[in-house]
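Each of the two complexes below includes chain A, the first together with chain B, the second together with chain C.
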Partner chain A sequence: MNRIRKTALSAVLAAGASFGLAAPMQAEEIKFGLLQDFTAVYTFVTGEYNQGQRDYLTLINEEGGVEGHTFTAIVRDTGNQPQRGIEAYNRAKEEGAILFDFLSTPVSAAILDQANADQRVVITPAHGRGDASDGTVFPYIFPAMATYWAQAANLIDHIKQHDGGLDGKKIAIVHIDSPFGREPLPILDELAGQEGFEYRAFPYASPGNEQSAAWSEVRRYRPDHVLIWGAGGGQAVSVRTAIQNGIAPEQIYSVIWLAETDAANVGPQMTGVKRFEASASGTDHPIIQRIQEKVIEPGKGAGDAANVGTSYYNLGVATMAISVEAARLALEDGGPLTGETLKAGFERVADYDAEGLMPAVTFSEQDHQGGGAGRVSQWDGSAWVPVSDWHAAFPEIVRAEIEESAAHYGSGN
Partner chain B sequence: MFYRLSGTYHTTYESDRKLWKIPADRWQVIAVLVLAVAAPFLVSPLYLGSYVLPWVIWSAAALSLTLLMGMAGQLHFGFAAVMAIGAYSSIHLVRFGVPFEIALILSGLIAAGIGTVFGAAALRVKGLYLVMATLAMQYLVDWVVVNVPAISGGAHATLRTPAVSFLFVDVSSLASRYWLALGWAVLLTLFFLNVKRTSFGRALVAIRDKDFAAAVIGVDPFRTKMMAFFTSSFMGGVTGAILAYCYYRAVTPEQFGFDVSIQLVAMVLVGGLGSVIGSYLGAGFVLLAPIFLTNFIAGMAGAGWIPVSQNFLSHLPLIIYGAMIIGFLLFEPLGLAKIYDNIRKYFLVWPFRHAKS
Partner chain C sequence: MAYFLELLINGALTGLMYSLAALGFVLIYKSAGVPNLAQGAVVMTAAYVVWIMVSSGVPLWIAIPAGMAVMFAFGLVVERLLLRRMVGQPVIMVVMLTLGLEILLRGLVPGLLGSTPRSLDLGIGFAPVILGDVFINRTYLVGGTIALLLVGASLLFFRTRIGTKLRAVSDDHVSSWAVGISVERAIGISWGLAGVTAVVAGVLWGSAQGVDWTLSMLLFPAVAVVILGGIDSIPGVLVGGILVGVLGSVIPGYLDSYVGGGTRDVVTSLIILLTIMVRPYGIFGREDIERI
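And now, the complex of A and B:
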């Protein structure tokens, strides 16, 4: 008798438990594939960036998700190898991921067409093809932040507005000898004609551990300003070699890839160097504060707490803030969340600035860059201090470049 | 017992010259071939597209390289560049209007031509010095591809493969791309197995073992070395084109970088120099082991077994992978092919202990 009662009781309990679980189970788990390069080329950024992405998703889950839906990050290392990226993409796709971030140009390039065919959203913030900003040619690819073209335009605009104008000035661009390094050149060509400055490009060989040959030529060129266009360890080498060649830190402007680690590597002489940024750094932002309070302090962070607030950490937070906002808008429309509805959600994002963490972005069916705004900040010896406001510079020139290149892609390349 | 050697006598030259003399071996090969051909119906698209297809193509690449490194003994550390030449020329040729079938052969010839020019260094230098010469080829080809937009495909250096058909069959679905790649790998395998028994194959082996001794017995080192580079580069060039059309379908310079060359050398070494089955096993190991290990470790971490940071989690598979390579090479320096051979010899006479050779 006792045993029967026990069995009945446990059956009732089990039924109750499953019933109780059934209600939240209806809210789906939204899966994002963060299949990035933790071990090869992009290691300088991936650790902090990915940590920021996952901490933001944890924050959203801690705050109850989006209408009860929670987010899961599928994280895998691809080692920057296309064939491993393809495997990871296919697997995560089978597991139900609807959004991907590879943070690797070769891997993104290998997946672009497949993702468009599979109707899965791929965000390519600060990497990948700039022309994917043309949503008519790349329906499922979202650069989602200022492309390298927009970054170059923004830096040039800063020189024009704040650092003595452009007319008759000489600008040197010292870049890594790769497609990425050469990317800003067409924008500079265009702007040089329009604004009346001259520029010259000085390539150095990848990976950029040794750049003295390029910089001694730069010294002979006597530029008024220098843009440095590289990534990873080569950036610190650029700044150090520039200063050795008599270029003042204030004359140096960097692409987005210059962060706290590089400043630590260069040392105190880095003070004064400027860079483009697509998201604010530091912990003094509402979202970062909430991450500190609800994710880091309870011990749910995805990595070293010291990384919170670094440039790349906040960049990762910003990418996921945009993605979660898109998912929220897509769910608002009702219906299940698929790659297709998530794309529509992205295209409804308007004037979203992640509570001030980044410039307001607005996507449309045509514009997957979100406006291409950013700002310039300057290293003051301990932190990056913004020296301009969030704005998009020369948007029509950047857009023309995007459309021309996208049309080229549409015709086969 | 398994191989049933008793009663198998080769009484004619034809039967003694067969590629697989023992019926059991023949049946194994037929079974593997049937499974390989039927793979699109047997495995899910995930496994076909991300595991089997790249494995078949890289095996073909390893076969091409092992002809040069294993049979002819000429080290080549720039083989990815040879494949790049094949991939880029095939795409540009098809865009120019050349039919795909002819473009494949022409791209192989172009790769063979350029590969032979760099191979000419082998006439003067050997060993590590030849490694340097072929490394130079890798970097030169990389540099040219990256710096000539007409080759690489413009600002973003991505070249998409045009839609093609092979012998009137449209090569766009996953299965058709797989069968084309498989056909090429089978062709290379048959070529490789047969070339070992030709005068050319024996000349290659003679050159490998001692080139001036080969010259003494009447093998022309100049001609043989050039032919080795030409043949191997032709095979590598077509494999590069197959890799572009059947697998990546959008070619970027990184797909043929220096690290890919090293991976190819690793495939050949881990598999076993100059061995056909070694090429398949080596390619499978180098290509798939990191993927399996990454998924396995991620699965364990997901189940909460190893609570560590993502950074360590990503490097752990590499640590294990490195240890496995060292382990295999310590356990059997002649590679995975020799391990297979040991197992086969054990079962050849099982339940008895000793095989003849």
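And now, the complex of A and C:
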């Protein structure tokens, strides 16, 4: 019951509260707006992700902040609704927030132009527009991690390097029928031509709770490898239905949205499934251990301690580690920290890997993705084990897609 | 041919599982005359109730009947606290009330109990039943069989003393009052029974996909099932479920990978639209003729 009470408390806070992570409000505090979807589509990730973000900011505050500046998280629920997101954005902006993370593609898309006009930084890790990686077109938007295009390229590269090569192979991509699900297809088109493999897309209806028709067809296609491109409960259904159709777990590769909760859902049969990851999971990392020591053990954590070290928790930590590093670099230049100086701070981040928690990222005025690196990990029955090194795969193809799409946006098409 | 058969059989079984969600809808409509738009969220709530017991160490064989008791009580409470206050109000207001309940449950329950997908393992196993080149999903086979049994039990229930009273209430509230039947109690029982069927639907779908808010989206196929089968017909739930499941499996199975997907929801929407236009009371629904 204690866990339920804690989760309930967390939900209540998330639903409406704006609260400081530092005890007394200080003049020099830096405010980040974590205005996310706690109650609708992204609920599979938001709880752990947001908890990781808040715990990391608490850690920084506990360690004295950045040059005396402490961080405050403004946390509100948008329910994945652009209208509520815009309202929450305007309120948080009035309260002084200079960086925002909506963890919702519809909300991020709705605010993108306004944030650029307001000169407020919006980070869109693992969601939002991939072409926002082009900083010349989207000056205040930072995907900050590998886009879905970079993720698809990384998974295909893993097959090429480690799982028998690509030439003459058949790859199925089984995806949710949404813009997110279709996003990797242009990259697969490019790579199929270049690397000599064949691929075919098998969509299934949202939210993916029933996929048997798609997988019956996949089985008859006889693919060598299968990419699954969905999120939430639909991912566990994909893995389960794939295995029921005779596809070995080792043949299955997932987008970033496959985590410990999905493994618990699928059970032991999940062992062998691979996925892309943009940050490491587990607690065996210096930052996570410091969070355990200085935030969790003193009882200052933002949620259930059992979530510390999960994939989505660590992803949230990584996003705030990058953001705090950008703030630190911006403050080095002196003067007040504003959206404009924070943007400049982001563009000065170079080879930053959050003490090994994530691949080294380097931003520039042109590249707001940070290089697009990641790696592949494999479920071993109890944890995600890395099976490749951090690297960016086919960066020229990914960059071409980013620039082409950004150019369309820039021209209003 | 094997591919067609596989789509047909798995589709029919899936449709039977949709029938489980639709059955509660019909039970309430038959007695109260109210389309319960909260039924998807009630299914989700029922799955969470069983999950919380199982995750607390209660054996599944106890958790399921205990969950039924909890959800029966939940149905009674909803009727007593919400529906009974709406007596005499326009039906549209009652419909809006159930919609409000749906939104409330969908936000509140995952918010309190955790929004990440939760595991509910029934121990059914992954291996499909293989007939030649036809793979039949074992979870759907079990779910479909249970749906058949539950729909059969519902038919028998309406032949019992309480069931007869419910039928009388569904025919005419005023006449039922006149002969001494407690209409309020009958409607409360129908809400309670809808809660019980929601446990079966929630547990089976929860084992197939995990327990999370998306279970509430079973409302959409359930609505298609009851519109096609007849909103006040229990046999209609069975036939409507099979048809919705088969059409939603076979058509996407042949079209989706060529047209880029999305045909299942189109099929479900068309079923709703065409049925309302061609046969508004569904295949087995009762056509009420009123003197005007």
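In this section, the second predicted complex is superposed on the first by the 385 of 413 C-alpha atoms of A that agree within 3 Å, B and C clash if a C-alpha of one lies under 4 Å from a C-alpha of the other, contacts with A are read in each partner's own complex, and residues count from 1 in each chain.
Quick note on the criterion: a residue touches a chain if its C-beta (ideal position, glycine included) is under 8 Å from a C-beta of that chain, and two chains touch if they have at least 3 such contacts.
Just so it is clear, the structure is predicted and the values come from calculations on it, not from any experiment.
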{"item": "Chain B versus chain C as contact partner of A:Arg91, first or second or both or neither", "value": "first"}
{"item": "Touching partner for A:Phe38 - first (chain B), second (chain C), both, neither", "value": "both"}
{"item": "Contacts of A:Ala109 with chain B and chain C, given as first, second, both or neither", "value": "first"}
{"item": "Touching partner for A:Gln269 - first (chain B), second (chain C), both, neither", "value": "second"}
{"item": "Which superposed partner A:Gln51 touches (first chain B, second chain C, both, neither)", "value": "first"}
{"item": "Which of chain B and chain C A:Phe202 touches, first, second, both or neither", "value": "second"}
{"item": "Which of chain B and chain C A:Asp177 touches, first, second, both or neither", "value": "both"}
{"item": "Chain B versus chain C as contact partner of A:Arg348, first or second or both or neither", "value": "neither"}
{"item": "Partner chain in contact with A:Pro82 - chain B first, chain C second, else both or neither", "value": "first"}
{"item": "Intersection of chain A interface sets (partners chain B, chain C)", "value": "38-39, 47, 79, 177, 182"}
{"item": "Residues on chain B engaged by chain A in the complex (per definition of touch)", "value": "45-46, 49-51, 54, 95, 146-147, 152-160, 162, 247-250, 252-255, 259, 287, 290-291, 294-295, 298, 309-311, 313-315, 317-318"}
{"item": "Residues on chain C engaged by chain A in the complex (per definition of touch)", "value": "3, 6-7, 10-11, 14, 52, 106-107, 110-119, 121, 126-128, 135, 137-138, 140, 205, 208-210, 212-215, 217-218, 249-250, 252-253, 256-257, 260-262, 264-265"}
{"item": "Interfacial residue positions of chain A with respect to chain B in the complex", "value": "38-39, 47, 50-51, 54, 75-77, 79-84, 86-88, 90-91, 94, 105-106, 109-110, 112-113, 129-131, 177-179, 182-183, 186, 302-304, 405, 408-409, 412-413"}
{"item": "Complex interface listing, chain A residues touching chain C", "value": "4, 7-8, 11-12, 15, 38-40, 43-48, 79, 177, 181-182, 200-210, 212-214, 216-217, 219-220, 232-234, 236-237, 240-241, 243-246, 261-262, 264-265, 267, 269"}
